[in-house]
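Should a chain be cited, it is by its letter among A, B, C and D, assigned in written order, with residues numbered from 1 in that chain.
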Amino acid sequence: MNDPIEYAEQRGRFGSFGGRYVPEPLWTPFEAVAQAYRDAMDDEDYHRREGRWRQSRLGRPTPLTHLGALSSEIGGAQLWAKREDLLDGGTFCITSALTQALIAERMEKSRLLGESATGDFGVALGSVGAALGLDVTVFMRRAAIEQERLNAARMRRLGVELVAVDAAGRGRSQAMAEALRSYSISWDETFYATSSLASPAPYPQMVGRALSVIGEECKEQLRDENIEVEYAIAPVGSGSFAAGLFEALLDDEGPQIIGAQAGGGPETTRNSASLVRGRPGVYLGTHSLVLQDDEGQILAAHAEAPGLVMPVAGPQHARWLQEGRVHYVMVDDADALQAQRRLARTEGIFASRETGYGLAYALKLAPTLRSDQHILVGISGTGIRGLGQDDEETDEGGIA
Amino acid sequence: MKNRLTPLENAFPRRTTPLLLTGLVAGDPFLEATREYMDVIVDAGADAVELIIPFSDPAYHGPVLRRACDRAMSEKVSWEAVEEMIADFRRDDGNTPVIVSTYYNRVLARGTTDCAQGLAESGVDAVRVTDLPAEEAGEFKEEVEGREMALIQSIAPSTTKERFRRLAKEASGLMIWTGHCGAEVTMPPAEFRDRLRDLRQYTPLPIVASMNVESGEDAASVAGACHGVLVQSAIAWLIEGLGANVEERLGAFVADLRVNLDNIAE
Amino acid sequence: MNDPIEYAEQRGRFGSFGGRYVPEPLWTPFEAVAQAYRDAMDDEDYHRREGRWRQSRLGRPTPLTHLGALSSEIGGAQLWAKREDLLDGGTFCITSALTQALIAERMEKSRLLGESATGDFGVALGSVGAALGLDVTVFMRRAAIEQERLNAARMRRLGVELVAVDAAGRGRSQAMAEALRSYSISWDETFYATSSLASPAPYPQMVGRALSVIGEECKEQLRDENIEVEYAIAPVGSGSFAAGLFEALLDDEGPQIIGAQAGGGPETTRNSASLVRGRPGVYLGTHSLVLQDDEGQILAAHAEAPGLVMPVAGPQHARWLQEGRVHYVMVDDADALQAQRRLARTEGIFASRETGYGLAYALKLAPTLRSDQHILVGISGTGIRGLGQDDEETDEGGIA
Amino acid sequence: MKNRLTPLENAFPRRTTPLLLTGLVAGDPFLEATREYMDVIVDAGADAVELIIPFSDPAYHGPVLRRACDRAMSEKVSWEAVEEMIADFRRDDGNTPVIVSTYYNRVLARGTTDCAQGLAESGVDAVRVTDLPAEEAGEFKEEVEGREMALIQSIAPSTTKERFRRLAKEASGLMIWTGHCGAEVTMPPAEFRDRLRDLRQYTPLPIVASMNVESGEDAASVAGACHGVLVQSAIAWLIEGLGANVEERLGAFVADLRVNLDNIAE
């Protein structure tokens, strides 16, 4: 159990969480993915190729930016931001998409099939798919396609086959279900790719490992800056971004790690805080913490940031919670929006709304610390996506 | 070793014609109706009734059953209510096997022991959990089989022969071939026939196919290659249509399936 | 004349081109900028600070990506892309904006004032302005603001004061004129920043030097790849991006360098090819090549890519043309669009339409070369900007 | 050393009242009209006429003059046509100085020599190039001054005293204080007065202010601090309004400026 990733990959589990809870049609295809993934992990050529692509195409490593202006405005600790908004496509997603596409290539699949809640992962999949000569099909709720016009248009430019799923409610589970159903009849030539850490094995392992490069880079960058952070904070929907940031920093000597979930607000009990309000359960193929009622019915998740709308988190988070290694908190939607806007105004970094949830918590923590202490926040992506829809907001000053 | 002689296994070998398993979503459109449909279906010739306990996110079911679950969800069907209904059915009908199927989260929410106990007490013969593969079933399988119920194993086009043999060794009651995905049948008929002929060598259990059967003809053509059919969506679709005479049409539909299945045995 | 940059900076000239052709009210403010800029260049602290910001905030160096799939699809030379689309803000612009903002800070100005044709530079200015605590005012044609909704919305989020200029025609000269007129009464506390290389001294020097980091990085990256390129190609509007890519590669031993300008197409004589169709003249404060008629009236420039709509190029280009060091060509609008789309489909890189002009030329050159020869193309930015307006294009396959 | 005794310099010292310079965009709305406006303006008391040769992108002019240039642009006003008109004016009026102003690209397109020669031959007294600062003017300045014309130097609020002294040394004819930017006047009146008082020590040339003068009152108030006013936009605005009696109103407006300027001298 020295290396938690290795341990997890062998059993498909993270402590008592994880596993592969899928109907029989999906078992064997996913076992083949697990096998191909294990093979890749043992193959130095694979790691070299992945490393090269990350650097020369995705734009890794991403910078670690000192938020000097914001820190002094708030007073207290110094804030540092890991800039996944500067990756190709504008979000952290492409790092995960690349790994999955490279595994697909190893398996000699000709197509990537995935689901996307916001289109971010769809764009990422479209990019790496095109580069590797793989067809790409993305399932997305029809309402989400209409809302995320920008990402829909980008996917079309990238040649993605975009499949609209008619389903009520927000969040990605419906589109995931459709994608999986389609995959169950096409797995022979198709690779299922997911943006969600809450997925059947080997996906939480595979996605978690792919994204752990985020935290590895941070560790090195903090060393270069000669800094030790007191806190590391990231937003948690399904938790893939957060897991990517946290993994390398989970160390008894390391910082206090905080996963920020959408907690709704004073006027609502609706939230996406699976790791605060959820109970153990099995959903979307994994045993983890799930927002559910007493009868085991899944509750609709809510967050102002569409990327966080998820009633279940990846199983490693359930384990980290259980073991007390990560602290999960709820952040009000309004505070998150506030934090997102403040980052834009004060630092000129227009980050995703998802980012606001982690940042809002950091902004509350900072004043309780000394100015020679440090907080690391993860920026999951740029805020451009959201502009496709809410540019009617003119409350922020019009045109002269 | 678990007890292989569950009531389900005992019930089937008596028939020489293909098996007709019929599914109903419990609580669609309300529980009393389901209870009546059970009688109608059994009277019309079904060999077993599967009761689908509604789940909020029946991800691996096709659109018709998902709509049926949606309707049933608004009835807030509890385990206790379903069990009462099954017990009531059992009072009238001591023989026809009842299979309960659901998603694993509903089982976990109640607790695997309580769930198995409650179902066994109400007279259920077999349990099927859509998203619980054999590899993850350990604990619940013991709870179920320890109470003389079968935990039904599904197989699918993607199941390798090697895996099938492993699954078959541990299976009880019957096995269900999941041969469609929502609507589309996932394997061409000839290949399906060959595959099933092959698989049947490795298990003494009946293999019943879920193949999106919509008519007596469909049923007959599918059952020619295996031990019977499981019909779910077509029944939910009939119930969705409603109208004054839904029970009449339901009975006629199942009777037609029965006749067609019996015909191929002759 | 060993170092062309130094030479130019001292006289404000590039050979016979360049200079500072401005009315008297602007002379002294620009001379002060020139002085501050010279001081900064002599200040190691300045260079250190600039380098640090570039790396830790902007995302420099940007990757050099081998376009393997496109190269083999085309046949012939290997194509390499310099990825300025991965910079903060999604275009090369922020590198120039940063330098200007840092000079403004040195001069203790409290405000940045600039013009933006597409909003790209406005977004860049907004970002660095916010980070440095400077107010930002951006002048943009009203029609452009309406068309570039995405960038307008981004600027608002960054707290930019966006001033709509009512002016006919495309291109940036009108907005530049308004910005300069406003600056001429506010220079005391304001720094004028420009996206255009065609500007009065010291701007062509300052912007050219700031952006020359693009080519410096390429040089190093090509050395790391152990590659010598036969051609280096970039789109030229005012030519700041291209100058940034070219400067370090201008070497007798170096590649053939090609500036691609918008040439219109078979059905039109309208173009933006100042360096092909232009004649020497003075416009926008600089002596360079200008699209003009016999009477010296400026001709309206045309290009499908708004960033290239410019009837005059930066003075260094005029000099490079005169000295035969760079070859300037016209590329059809239709070919450029084709190239942009092909890059998205084949490589998963959705670049700006501007990029298509350089790439289209590269795609014609490549088949004439051997597969062990190499071509470098510059990607000036992402294509997202354009999606804000033309997402009604459904010709590329709708939603299933 | 250049010849300082241009006709322009000779023309002004004769007056004891403030100078009234008036600008017209050549070709707005057409050249014949401009020719007539010149007479009207001079008859009404202007000391000199500035003819603005239209440029496609008069970036450093305010909105009124840019619109005037736009209108004149559609007339495609060539150098030759303007020169013919000036020559015609000179045949009637041998004294009133004519200043030609434009942007440098129009000069370059013709060639600096041809341009200076053509203008000199038609009877022009001074040239002003909006975007040609002293530092860049070398060659053209020689061409102009070599032909007994002045190349008029502008100064502005941003001009330092040190720079002013350098500019004044090289200046000829008169100097123009560019004290507004399109519409807004760029320096408060008191500061303007102080600054001009200071500058006047360093040059014998008259300093005429371009200060967005819109009325006789404005003119008087500005001219109190310097040697006169240059009025452009207000005249272009009058012409833009057109109507039947535009010449009448133009004459009345200039006459009013004249009266107000003459009053302060008394």
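Here, contacts are C-beta pairs under 8 Å (C-beta built on N, C-alpha and C of every residue); 3 or more make two chains touch, one makes a residue touch a chain.
This one's a predicted model, so the numbers in the text were calculated from it and none came from an experiment.
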Neighbours of chain C that also touch chain A are none
So, in whole Å, the Cα centroid of chain B is separated from that of chain C by 66
So, in whole Å, the Cα centroid of chain C is separated from that of chain D by 38
Taking each chain's centre as the mean of its CA atoms, chain B sits from chain D at a distance in Å of 97
Among line, ring, star, complete and other, the chain contact graph is line
Touching chain D in the complex, chain C uses residues 19-29, 173, 176-177, 180-182, 184-185, 187, 279-285, 290, 292, 294-298
Chain C contacts chain A in the complex at 55-59, 62-66, 68-69, 83, 85-88, 90, 126-133, 142, 145, 149-150, 152-154, 156-159, 161-164, 341, 344-350, 383-384, 387-388, 391, 394, 396-397, 399-400
Residue positions on chain D within touch of chain C in the complex are 55-57, 59-60, 62, 73, 76, 78-79, 103-110, 130-133, 135-136, 153-160, 163, 178, 181-182, 184, 186
